[in-house]
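Before anything else, here is the set of structures, which you'll find just below.
Two complexes follow with chain A in common, the first pairing it with chain B and the second with chain C.
For the complex of A and B:
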């Protein structure tokens, strides 16, 4: 993948106040898996994978997910949020190499 | 194309009194640049067995006996055969029912509805046979209908099962015995989806251009690496086509397939990549390789939303279009089917073939390809779709980049003219 860390965030096109909406997000990330050498021994290195995902809505952290190497490459997450007020929703992905990838979307009522 | 001596022998025997050589086009000999499983090769084992080389999981049965789409295959459609019921065989309705449902044979249920909760999924291409016996048709008539229905209905889409050797005379007697047990009244359906005439139609898989919904979008974006990678000549696609695919390839895909003068043949984007890649960057881009499909998607995505504008005004393009149209109507394979049988609205289109809803070629079904196949977790281009469609017909597939397929694709794409390109699609 050429652009590691590119985040896509999708919410429904039309949202009403109080709706429980489904937020879908995807990040381009290699999610390195444990590698083994020829003898079958685990190669000891600092694998790069996302270990924490945080969701912030209206300036407040509303969810944190701990993830492991068992999550696929280019991981996709979906979760439900109650849209109480218009405002910004941010999803940030943190990986074991200290990188942070972020995507945000404006929740507006129609 | 590889020459197969066995087939040529068969052609010589069968071609007496059929189409003249005059309607055979003078086209360049095309050496396939496809991955090995997409070339339509047949391998001969040391014991003499002929094994078709196809994609993993596909049948390896060699259908050399049956007519193909190859332009050099001049065998005619199998002749109409009259048949009489063999004497001395007593039909067993139970065995007949098992044969009717046998997925290795027909299955007859692919097109016809019969009673029973184990009949799943039945199709609606042919008539509902739930109460056939109430019509009091003669056994001999039904026998002929199964052996070769073209005797009564010359334009039928039903295969000549006996004449093509799918069912033996004895098996057809059992089938007739089963059909003669199908009497009314029809029981109410427990599950309305069992009946293809009342079954819900598939609704699709949502926004195909949303990368969080269609994995093919990510596959296409990964081809940006291929686009920027320098090949053995030291050049990359990006070196000549400046500004990224979005700018440099905008509108290009709307003009394909087209007649390419340099190669004297019709080419789709996928075909063109197989020759243009090696000639410029030096890196191979074999058709049906992931690199080819992904790059084709990336190039086509640069034209998404723009109307298809293929041009078939030049003389060679007009000739190619006419050949593509003839292919669409040409009956091939063990099943003796043509594209037109399943994919035009007055025949199979819009009906269920088993559980699959048949697409309508005249409404245009090329502008979303390559498409993501949710059932296979892979992106397929038009050519693999052709090969997949033709194999169950009992016809040996051609190479994915064959001229025959390119011209058929040209014919199908002209139904999409004026409609917006929408790549990659997402389908079952």
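For the complex of A and C:
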């Protein structure tokens, strides 16, 4: 997949100071599942799936997702943030192969 | 493969050395952490039955019924088990004194029952999480909430799955 690692982030169109907003994010990622051979034995290899998602807002970590292979392909996550100040919201995805995918959005008040 | 014997010896030696290192590391961990191994130190998603997973993560702590506080948003029938949207909202304050620390999603019959663990902070403003998960077959899905004082709340909902999504 050529799109692997593409991060999409969505915040509400209009945000007022102090609002609790819900942010939705998605990353294009295969989230490899456990494979088994014909005998039903698990094939031992380093599966590539996202194991940590970190949400940072104004330089502080506000939420961490520890994920497993039970999370779907192209994983989608949603979380709440209290928008106290305008600033950058970053979501970074880290997978078991050491890859890091990042997406960020500027929180601005209207 | 005439050299197989030699390789075997080297490999054995190497494994032995690795084992020693492993023991040293685990001993070191116990010393620094005072015996309590944090859940984060080990891989969260393991191929294990539900009881083992719950015991490993929660250590047999009692769970209260969370039906009054937890709102678990998941379809009753999932046509495609590969992508099942789930949302959890907890009706609890998010202040530095008392907040929701973790939200776990557990799918009872998945090969890897612990789906995800979300660590929240008071800066979230609201205890809410959403994710797309996989379900292998018709199963109970639990939302387990751990509050900052260590209270565990759980809510279970059955999801019927038409086509499983967990493969092997």
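Note that the second predicted complex is superposed on the first by the 109 of 110 C-alpha atoms of A that agree within 3 Å, B and C clash if a C-alpha of one lies under 4 Å from a C-alpha of the other, contacts with A are read in each partner's own complex, and residues count from 1 in each chain.
Going forward, contacts are C-beta pairs under 8 Å (C-beta built on N, C-alpha and C of every residue); 3 or more make two chains touch, one makes a residue touch a chain.
Please read all numbers here as calculations on a predicted model, not as lab measurements.
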item: Overlay on chain A: chain C relative to chain B, clash or fit; value: fit
item: Which superposed partner A:36 touches (first chain B, second chain C, both, neither); value: second
item: Partner chain(s) touched by A:24 [first = chain B, second = chain C, both, neither]; value: both
item: Comparing the two partners chain B and chain C, which touches a greater set of residues in chain A; value: C
item: Which superposed partner A:76 touches (first chain B, second chain C, both, neither); value: both
item: Vertex chain A angle, Cα centres of chain C and chain B, expressed to the nearest 10 degrees; value: 100
item: First (chain B), second (chain C), both or neither touched by A:16; value: neither
item: First, second, both or neither for A:8, with chain B first and chain C second; value: first
item: Contacts of A:63 with chain B and chain C, given as first, second, both or neither; value: second
item: Partner chain(s) touched by A:97 [first = chain B, second = chain C, both, neither]; value: neither
item: Lowest inter-chain C-alpha distance for chain C and chain B in the superposed arrangement, angstrom; value: 7
item: Contact residues common to both interfaces of chain A (with chain B and with chain C); value: 24, 74, 76
item: Chain A partner contacts - residues on chain B that touch it in the complex; value: 210-213, 218, 221-222, 224-225, 228
item: Contact footprint of chain B on chain A as seen in their complex; value: 1-3, 8, 10, 24-26, 28, 74, 76
item: Touching residues on chain A, where the partner in the complex is chain C; value: 20, 22, 24, 33-36, 42, 51, 57, 60-82, 84
item: Interfacial residue positions of chain C with respect to chain A in the complex; value: 40, 43-45, 47, 82-85, 87, 107, 110-121, 123-134, 165-168
